[in-house]
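Take this structure first; my questions come after.
A, B, C and D are the chain letters, set down in written order, and residue numbers restart from 1 in every chain.
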């Protein structure tokens, strides 16, 4: 009951914040509503038992990305340009297209019977979420009788309670204690994420170089440029 | 599980058909070499080493080393009993197809670096930044070509795109450059967002993100439920559509091509050449891998999926090619014209993918001229051959644009009048590239097109719609003749206005040599077809 | 009040996504457009995490979401740098002023 | 001792490649060293001259080797063929060569299947592969060669004529040997003339390239290779027509020729695709690889007895393998639909229409006379346009009777139209151009009525006398300082004796005059005679197609009339323009010697008529024997006349046809004499009385206006549609009316350009305009682009939803 209440509160905050971001014309207020919306998403993550992710969302998004954007707002919001108004016509067109898009999404996502689909899937090797367990999880939030051993139930329970940090960390090293890879064989359903974990660091390095290059002032005079197309 | 056991598993990772972490790292040596050359460049600037050794040597060295390693891997595949293997616990795949593209991309990287050295677009001060971005983007593209997991797909696309955004805006003092970069980044971010949303839906429904598992799971979920009335089917259709939007952005397919002309127009010609070839090739590799793994063995529900997506791509290909060719007509800026030509060529190449899917949807009882099981690989062979030719002809065109720009400060086609009198080398090479882009025999472009059209023709046996695709391809080849020839005509037939900036380029200078080498390769691929087409066919077989 | 199911979360994700797209398509302020990007990516992330809890996707969903957050941050950095660059050259952040390239 | 095939291949390859070497040398070496001397010319002449010697020796060697069996009476044909096959066997035995020389011959096959095909006619050709480029599935792309007596004759003829023309051009292009060549046709704004460095070496380089490509067509062993050289010929003729590129007329003519040819090539490509997909090979001849023999195109269609193997219901044609059996694949006989075979034939013939300037693509050839006169002689009279006829003749085995009927009518229409236009033209070169089109029509007609030998016979004789006449006209033009209008000439025979009388030889030859009562005449008499006889035989067997006989007969008279008109106007009578006459002079011997040599050949090359050596040599390589009557099987019921032997259909009517043609020619000549020499009838009076007809002819049958109406008017409609499309696409909220105004004015301008530049720019303009309207979508507004993402997703999803309804 309390979970439902929390869900609806944060869901409304998330959606309301997002709508407010669209509706507001002042960029500073937009930034505020963005913080509200993204913060509520973090709360939703907690509700989904993804504690680490929720924390990361708060730290990286609300603490990092949005601050970056606010910096951008401050650097560019000089004088009359703080509020650049969208003309009403464009707003109406945008709204109409948005509503149509939402209809498309809702009509195709909203009525899917996820339980039935999962039921048709082949079972993951030693996955704690077999089709049966899902229905039961729906029914009573219980993981008992999941048809698996005690150890696995523990593991699943740990996951359901949101303590996923250790597992996430291990999966970044290419290890998946939550699934038995040896018996999974060719199925290979539970990859470790060693490669992306490492390669993202290269990506971040490159991206920061690029961002720094674009942001810093050119030290030489512009007139010396070889190319003058403008 | 205790730590020791975990650590052992980390090192060995002894799952069948998967390489251990150490083996994976060896296989990933080309990417690692490129990454470390990025670090090396930055360190060199830190210790002012770049004043003694110009930065581009690091980049060139890195590129060449990776290419050599890829060559070695290719040789290894050809010689020993090496089999395709999943690396990094199934996130990437190592087979002839990925080796082909990694080789393609590193080879291309070396050529692009050489071009930038010759045209001098990043000056000494900015060189580490530029080459870092370049190498970083190529690493991303290489990941795309070997991805075996939807997350790797997304990471690869992001890694290839984000540095490209920065490179587009590399001339940061220029209004147009910054405008182009902004349009590119916003459009790219939007498309990536849509794609990610699609990925989230697909993984949610199928419960996995690994390519090799998609087809069996799709089969299991939709064994008897393949109608649009079923919300799950609708949802999958939407998910695939959204993923396709991401690809359409990368490949600049109509109606998701809007960024392309503007970005190419505003970006330096070198970057344009890089984007037009590199990211297209990687995106095609990824698209082909994703679609073939989705199509699976083409039985049951998969057959319908394969046929519908093949026809859909065929329709998009028709529209894209026609649009690109028509819109290229009235362009005055050569980079913009080449951008539209890029769009059109993406359409031609998409025809190969479309033919592949349509052919794959029918697995049996198709008796027509030769072994039908060869048809799929043949379609891929056409695509790969086309990409290789496209590398040289497009790079050649952009290189010539860059070289002329360095002297005339102009990229308008009208300012190319009569260049044949002053720099015959450039004019001839440009003409070769243009003729090849049209597809006039005996240049390389002709054979690429011929292969693709041949496979589309095979596909007409499966579905009548492919006749339309074939007709559109043929018709477009004819209408593209005019605008390509216009450039050649402007350069060769018109006389140079008296007040035009004179252009000089000795035939023995290194830029001229470079241009001659590249356009020479276009001619070469039109005359000696066999070796490359064999390699391409070999690589294509890895997919089936 | 019924059970909070997977579909409820997916609806939140869809709303976030649509708001993001509309934001990108209507905001004239470049920074506002970038905020739209963040909303779109968050919409997808909500989906991932929800699937992670309710379907056999399991931990993979969370991992992907984590990477998306990182990639989004990287993209935002570059996008912001480009936007600032645009501002430096055009002396405004109004994206409608960038219309030199067309046709 | 190498085999015959090897030696022939070697000699012809040398003859073929020398011009290419010459081209390279002329372009690069001479370009950088000394452009103002005649080195390039000597180089080109040497290359083509040695080529001629090689071809001639190849011809002689071949004749020697076969003991000139081809020249003996055709009734002993079978005997002669088996006689010469002893050598072929030796060639066949040697498989160890890098190119697999293969001499197909009756002897070999009669060994293999003596019981089944004892009466299989001889196939006397040598073929092989130079280099195999690649092999993709069923498709082999390679450089092949194919040599039979036709190849040898064509080689000798082309190289000989080219040599004469090269030598002539040394004199004709002498003006270009200067740093400051003043082009009097190009008027600059300041009233002066355009001046540029001379292009002497460039001219000869192009000529060499052209010779190389033309010889490449003749030597090609597969149709794909033909296509490549076909395009190369197109390219080099484009370069040569546009030699005076600064003249607007020249560049337009070059474009027109190029585009008209592309239209034909489109058909050619379609034909090629059909052939490839149905036959799986491009090869003409059979090809032996180890023990396995792969059948070539001709064998597959016609087998060894020259007959189509049509199924009962007439809808399928069974293909034959190399051993004369029905080809099989996986137990199923290989077939091709009869209609597809017709389509393939028509497609290939479309290529010939373009290249040989047949109706309806004939309009480019007269315009192509903008090039220097030697070019006209080489490219647009004797050889290049003949390539179309050559191709049609080469492909004769693949043509079904329906296709042949189409060819016959195309030829018939062309020969009549062109001849009538030639009646009223006053430009000396254009008269010759129209006569070329007309004569090509004759050749096509001959092919269509199964007069295969007659067509090629006329091809060779025409090449000689037409190049002679073109060179004569060139000599006149050079002598008169670039005056081309016949109405300003007259009486020139007093000043240019050699030119005048060599020209007379050509005129008599083309008119087909002979001494009545005997069969002694110049070359044109014999060949035209052969064609008219074939046509008569054909129309007797197929009375419904009597027009195919009437038209050539009447046109023979018209031809004679306008050719004599040309000669009388130019050389006879009194000078009409004193200025021209005063300054006119005979040309140096470098130009007149080729005239004399060509005149001798134009007069005598067909010596002996259809019993003479030339005709025998040509007919010897006939792939499908016309000895027996062949009836069609398809939709059109026609019977092809038989040709060889004393009992044949053609022989019966030969003397009748000859008489009629001769009478017609003499009437034409007499009329011309009365009109232009005796002046008993005033030409101007006739012109006024028939002003309608006259204007019609001067307008070239209004073809240009017709094409305007056919192609330009629809553009109106399409472009109107495009405009409305524009308006629909423009978002009224986002786009101001100004945008539209600019666009409309662009359309206006585009319209003007469409009308001015006509057909040539047509396709370009339409697409340009459509493209221009597409620009509107690319508004340059970022937010709209993003909006398109969303709209795109929605629309595509809607499309999915509606198209996959299940």
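Just so we're on the same page, contacts are C-beta pairs under 8 Å (C-beta built on N, C-alpha and C of every residue); 3 or more make two chains touch, one makes a residue touch a chain.
If you're wondering where the values come from, they're calculated on a predicted model, not measured in any experiment.
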Longest centre-to-centre distance from subunit D, chain (CA-based): A
Chain closest to the middle [Cα centroid of all protein chains]: B
CA centroid of subunit B to CA centroid of subunit D, Å: 43
For subunit C paired with subunit D, centre-to-centre distance based on mean C-alpha positions, whole Å: 65
Approximate Å spacing (C-alpha centroids) for the pair subunit A, subunit B: 29
Averaged-CA centre spacing for the pair subunit D and subunit A, given as whole angstrom: 70
Set of subunit A residues in contact with two or more other chains: 90, 94, 97-98, 101, 104-105, 108-110, 112, 114, 118, 121, 124, 176, 191, 193, 196, 200, 203, 207, 210-214
Subunit C, residues touching no fewer than two other chains: 17, 20-22, 24-28, 30, 33-34, 36, 45, 50, 55-56, 60, 63, 67, 71, 74-75, 78, 81-83, 85, 95, 98, 100-103
Overlap residues in subunit B, where contacts from two or more other chains coincide: 151, 155, 158, 162, 165-166, 169, 172-176, 181-183, 186, 190, 194, 201, 204, 207-208, 234, 237-238, 261-262, 330
Chain contact graph, described as a line, ring, star, complete graph or other shape: complete
Complex interface listing, subunit A residues touching subunit C: 1, 3-5, 7-8, 11, 14-15, 18-19, 21-22, 27, 30-31, 34, 37-38, 41, 44-45, 48-50, 52-53, 56-57, 60-61, 64-66, 68-69, 71-73, 75-77, 81, 84-86, 90-91, 94-95, 97-98, 101-102, 105-106, 109-110, 112, 114, 118, 121, 123-124, 127-131, 134, 137-138, 159-160, 164, 167-168, 171-172, 176, 178-179, 190-191, 193, 196, 200, 203-204, 207-208, 210-215
Interfacial residue positions of subunit D with respect to subunit C in the complex: 775, 778-783, 786-787, 789-790
Complex contacts: residues of subunit C adjacent to subunit B: 13, 17, 20-21, 24, 30, 33-34, 36-37, 40-41, 43-45, 47-48, 50-51, 55-57, 60-61, 63-64, 67-68, 71, 74-75, 78-79, 81-83, 85-86, 88-90, 95, 98, 100-103
Of subunit B, residues touching subunit A in the complex: 1, 6, 9-10, 13-18, 21, 24, 28, 31, 35, 38-39, 42, 86-92, 120-121, 123, 125-126, 128-129, 132-133, 135-137, 139-140, 143, 149, 151-152, 155, 158-159, 162-163, 165-167, 169-176, 181, 201, 204-208, 210, 212-213, 216-217, 220-221, 223, 231-232, 234-235, 237-238, 268, 405-406, 409-411
Subunit C to subunit A touching residues, read off their complex: 1-12, 14-23, 25-32, 34-36, 38-39, 42, 45-46, 49-50, 52-56, 58-60, 62-63, 65-67, 69-78, 80-85, 87, 92-94
